[in-house]
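In the two complexes below, subunit A is the common chain; its partner is subunit B in one and subunit C in the other.
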Partner chain A sequence: MEKKVLLAIKGLQIEGRSGDAWHPIVKGVDLTLHKGEVLGLIGESGAGKSTLGLAAMGFARDGCRISGGTIDFDGIDLRAASEAERRSLRGKRIAYVAQSAAASFNPAHRLVDQYCEAPVVHRVMAREKAEADAVELYRRMRLPNPEEIGFRYPHQVSGGQLQRAMTAMAMACRPELIIFDEPTTALDVTTQIEVLAAIRDIVRQFGTAAIYITHDLAVVAQMADRIKVLLRGSEVEEADTRKMLAEPREDYTKSLWAVRSFARPEQPPATGTPIVSVRNVTAGYGAINVLTDVSFDIHARRTVAVVGESGSGKSTTARVITGLLPPRKGEVLFNGKPLPPGFSARSRGELRQCQMIYQMADTALNPKLRLRELIGRPAEMYLGLKGKALDDRIRDLLSLIELEPDKFIDRLPGELSGGQKQRIGIARALAAEPQLIICDEVTSALDQIVQEGILKLLSRLQDELNLAYMFITHDLATVRSIADEVVVMQQGVVVERGPKAVLFAAPKEEYTNLLLSSVPEMDPDWLNRLLAARGEPA
Partner chain B sequence: MNAILAMIGRRLLMGLLTLFVISVVIFGATELLPGDLARELLGQSATEETLAALREQLGLNDPAPVRYWNWLTGVLQGDLGVSMATKKPISELVGTRLENTMFLALYAAAMSVPLSLMLGVLAALWRNSIFDRASNSLALTAISFPEFFVAYILILWLSQSGFFPSMVRITPATTFGDMLYMCFLPALTLTLVVTAHMMRMTRAAIINLLASPYIEMARLKGMAPLRVVLRHAVPNALAPIINVVALNLAYLITGVVVVEVVFVYPGLGQLMVDAVTNRDVPVVQAIALIFAAAYVLLNLIADVLSTISNPRLMHQR
Partner chain C sequence: MNVIVFLAAALALFFVIGVAARAAMKTLAPAADKPTFRDMPLTASFGIAVILFYVLVAVFGPLLAPFGEGEVVGAQYLPWAAPHYLGTDKLGRDMLTRLIYGARNTVGIAFATTALAFVVGSILGIWAALAGGWLDQWTSRFVDALMAIPALIFSLLLLTIFGTSVLTLILVIAAVDATRVFRLARSVAQGIVVMDYIEAARLRGESNWRLIRREILPNAMAPLVAEFGLRFCFVFLSISALSFLGLGIKPPTADWGSMVRDNATLITFGDITPLLPAGAIALLTVAVNFVVDWQLHRASGLKE
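Our next item is the complex of A and B:
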């Protein structure tokens, strides 16, 4: 099939400014997109995917500049065109769907007002026509109450619905090209499916060409006709989706495909007194109960994964265990002894036993403190280490998390990569010599290859130090690789719990099944099969 | 809507409580003023008997809590008391002065608020440009000079050459147009003093938002820069802007003493200065209370407006 070329990028170079120097972000990438075709752009964060996607609109973020190459959109040279000409294309012939719809909708305006802005300003249609059109597109995106949802403000609409509303908004002027920048990354797996299906349908219906940017291979396999792999601003390889999945040529691509190979060896069933035992806990904020009658145990050297969608009460359970949120009913036992409900009533020794690692290592580390202080403070406070002993301990901890002590001990968090920061989070938790570590979505903000390193490290430390982990996550692939037991939560209730192997092989509850089947697989036909099996239009 | 009314009610109650606390502070502070009012009124030659009689007549011999209570109940009934120096009811003294002060404050606000908002928006739009730097430096220069200095410079430039009068003389025959003309210099002085603060806050509040994903989204929808700022950034920057405007309006009502003195403007500030010099305690108390009420009221209005400007608070899930 010989289709007309819509977008042709040749030798594109983009630079970003850090201080006074310009350093390359995209280093000479070529990209060709035909009318009605979907191209998947894949790579780790920092690979230049988003920058490349935005460049397809002739747009460079503040602090970036397009320094070389050509961008040709349907015969228009986007680099030579004036800013006014580029503006007249944006939103009209080329549209953009951002990663976080919740942040990308203006909180001050209703959805339909934001929908109508592009068609009205670009003089594609009058306001009344655009409003009627919005309802039609909301319906096609399978949004509930399409007639009314537009009159809500963004904060009144859920994340998955916002993402669909944003796709509808991008469609408003019936553009020829849409850039999807990680549109489902911020969503729960069960919501992700609906959004993926809706996006794919509407792109096909209108014959829109699209660039689909993601770091999730399984997702891109469902959406793209062709896949291009990027690494640090350069192309690694490009091929049709099925060919790429079946026989990746380059080593880097193969390594991406193989990332989820890590699996912690199966452990024998745990016996004896659990380290932590959550007994019939009911807790909440204000008048609302977030948790209802939650019970589970965590044994030494075992990992309990708590899974569920956002809002299911996973993090609230962690807050109850750490004493940040005293429960209304029930109790938390530590080595068989009840813990005081609030953290202020707990002794220093009790507090020491339970440490946390957070999702956003960026914000969980004080940017003004050097690693020496970040790691040293808990060791000093809980264990009373001072002087030489403290210094030795900090160095031991740094070696433990595989960072060279001499090189890193006096660095600031800003001088570390995302994965290194998360390692510091681990070292800080270890410094208190706890028996239990609560890991709250610790790998969600990291690239897959970096994730694997963190999971291996956590697994090694668990064996060496006899740790118990409570692993909060919505990522079931992570659960598969490291959990011993799984607790499935939905709306504050434990739906199902049991050993990982049993639960994954034969889920008893419908919800567990829904959750497990929603995890995208690396098979281009997975979404079709799943939708067919669930009786929805493919 | 009910939630908003409930909030206004709560804030009003809080405001009244604040005013009550302020009234205690004001009363306590005037108690500490040195000097004996009776001696002040009658002069050094007065005999002990006449002084004692006057003290008795003015109620100066009652204990402080009793006098506070009498004062407070009077104020609550709208009776601010009687000036000790002039023997006139304070409401009469304060009435026209309050009008004059409000006129000057509104006049200055009508010039400075639109000016500073416009400058702030343009400075944010063209940030780091020559315009941004120039307006920033000019505004900062204006705020850095003491008010009386600015006032005298303006008199030197605009009054010596005969464009505007340097003194304000209000008579019953003065028309609104005359008032605008005569008050131009004091209003301009105040404008120069308050513009920098509001302009820089507007600029900062908008620039703070320009890195938001929804601003990038608006740009990627092909919206022109001015529309991006006005339609997408400003509505979300309203809360801080409203608050800084309210604070400056309060300042325009209460902080104009120096400017009034320079231009011999018959406002509340002058009256207060005179009252302090004369040890006319009831007048000082009344004016201080009016100033405090202005602050509380303007802050209340600012709170309500910022709430109304935020759809997340107005439209619950």
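Our next item is the complex of A and C:
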């Protein structure tokens, strides 16, 4: 039996404005969604996923306009409808869950106040009824203490809980359609599972149709009945999830599927003096010890991945190595010699040897400096290059990170894409000609195709320049592709460490096992199996 | 009726100057900046035109002025008639000449004072934010203490102690105003020093001076420039106020503030001559604020 069509978008065109010109963002996309169906929208950044998702509510962001096509929601033409009509739908029959719950909740109001807003405004429920209903939905979203969690402010609950509270809020009026815009992208793997399971359950229980936007294929495989692939504002292909995963038709889709296949060749066990040796480090802020007795080594041409959930002390370890946070106990050896604990006591030579690449390239590059100075400064400072020699070096570095020097050398960071900015971060680290580069979640903010490009680049540079990497991440798929050794951290303690192959094949500790099993796989049954194995209701 | 005609004429003049100035800047600007000037609001182009006019008058003052600055050229309080187009003041000096020289003195001193206040205030403010800890506490609390004293009283006090010369006038007003700039620069810089690029630069081993100059200042420019415009007007007003009280610019140096005071008697006879220097101050203040508003608007990214 064919289900009733809920949302029908035909030949949708959306244009965005840059300066005075309008350029197309979505170029004639068709989309059909039946009642109770979940459609996954995937594609790299800039594919128009979010724009399309918002258009399903008849909404265009500032600086965008819907320029063609029709949007039909249950017989209502959303393009022709007045703003008042559309408003009466939003929040009541169509709801939206944004990527960052932390940024979407108003920090000045309690969760339940924000929950009640839509039902009360749309006159679906009275305030008391809505509050009681909130508790019920919080329970169904498996939030701890459903009776009282609503009375907290957004900053008093964790990121994963906030994302679930956001979904509960979207369900408040029992909408027929929910648009999820990358709801788990900002969460770490173990939290992601909980949110995914909760979202999937509640959508099924209420028979809500959903559009699930993400760039993570493994996630979409768990959530969606059908998948639509977008590329630069056009549809590539659409099929049922299982069919799409098993036999993608288009080359572009195949390339998306193959992203996770990159793997650095296995390296022989390292010998000799390690470049960096962290010895029994205990460090912290104020009265709290964030790290307790942490030890590990990093050898030349090897990548050590430090993994763990947020708050496990990964970044703090990096701060100890760079000297931003002098340790309370223990020391950091560099080529066998102890480094001064604070960075201001280190010589330029010592500072040069250890460079850092940051997670957010946006905040790691001074937006007012041109690439010439951003990349050139370390070379100028440490290596004393000037004039022509400096210019040549900057051009070499740009070629090394696969950006065309003549085109890019005088640009500002704002004129680059996310992946290009991260490449500039890498070039800046390389300009110092270091022995160790600390990569702090360098690929987390990038979508998978760009991620792969960065990982390949890092791997190539490692072989060419004999670099050692300390790779901080919560993404175990990344670890699988490039790490040689893995250090697993939990609450400031090294739980387990060893060569990647050994650790992945036979994790000794329960925590390692939990982390490893939480990495989404492309198999659409993965989440069911995992939840069953963990003894939770599927 | 007269008032309405006058207002309509002023408004028309404003439009004519604004449109003409915008057209001129659009043609003269290099190709890359043309869109900036094309999208410029009329208020901003008018403001720029007026400021340019003041600057020209100040620079070419001695060439433009028909008489000498302190020269007594006729009877006192002469009406507006050739060769004294704006009449004479209470000592029989040419009013137009004094207005032109006043542009030099008042605007020049105000600019020097504001610039000094900004150099000192913003460097110290950014340094305090960068250094943090007790250094930040001491400098900031000291500045707070200074700010607790009303600015005019404090300037009067300092001027009585150090005497009234142009140099002390500049230093005193700059010192008072630098405290305000310090607060702004510090709070803006506090938002910047926590960015990863500052951490990266510190880890690279950059000196404080370079961090302030190359890493922080370019990112703090927008609010500082906006504040510069406002401060400039305030300085203007405080110089005029001090001159009016007799502690600012010493006669016979022409100064708009003291010119109002000296000729104030005329107002009682229904003559608007003493209001001309006041009008000159008001016009410049408005013009500077038009330009500042435009800059703020651009910096905040609020298009349309």
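Note that in this section the second predicted complex is superposed on the first by the 538 of 538 C-alpha atoms of A that agree within 3 Å, B and C clash if a C-alpha of one lies under 4 Å from a C-alpha of the other, contacts with A are read in each partner's own complex, and residues count from 1 in each chain.
Methods note: contacts are C-beta pairs under 8 Å (C-beta built on N, C-alpha and C of every residue); 3 or more make two chains touch, one makes a residue touch a chain.
Because the structure is a prediction, the values reported are computed rather than measured.
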| item | value |
| --- | --- |
| Which superposed partner A:M356 touches (first subunit B, second subunit C, both, neither) | second |
| First (subunit B), second (subunit C), both or neither touched by A:K388 | neither |
| Touched partner set for A:R123, first subunit B, second subunit C, both or neither | neither |
| Which partner, subunit B or subunit C, touches more subunit A residues | B |
| First, second, both or neither for A:N366, with subunit B first and subunit C second | second |
| Subunit B versus subunit C as contact partner of A:P107, first or second or both or neither | first |
| Partner chain(s) touched by A:R377 [first = subunit B, second = subunit C, both, neither] | second |
| Of subunit B, residues touching subunit A in the complex | 211-214, 216-224, 227, 231-232, 235-236, 309-312, 315, 317 |
| Parts of subunit A lying in touch with subunit C, wherever the complex brings them together | 19, 322-324, 343, 346, 348, 351, 356, 358, 360, 363-369, 373, 377-378, 381, 428, 432 |
| Of subunit A, residues touching subunit B in the complex | 54, 57, 59, 61-62, 86-92, 95-96, 98, 100, 103-109, 117-118, 121-122, 152-153, 155-156 |
| Partner subunit A, residues of subunit C touching it in the complex | 35, 195-197, 199-206, 214-215, 218-219, 221 |
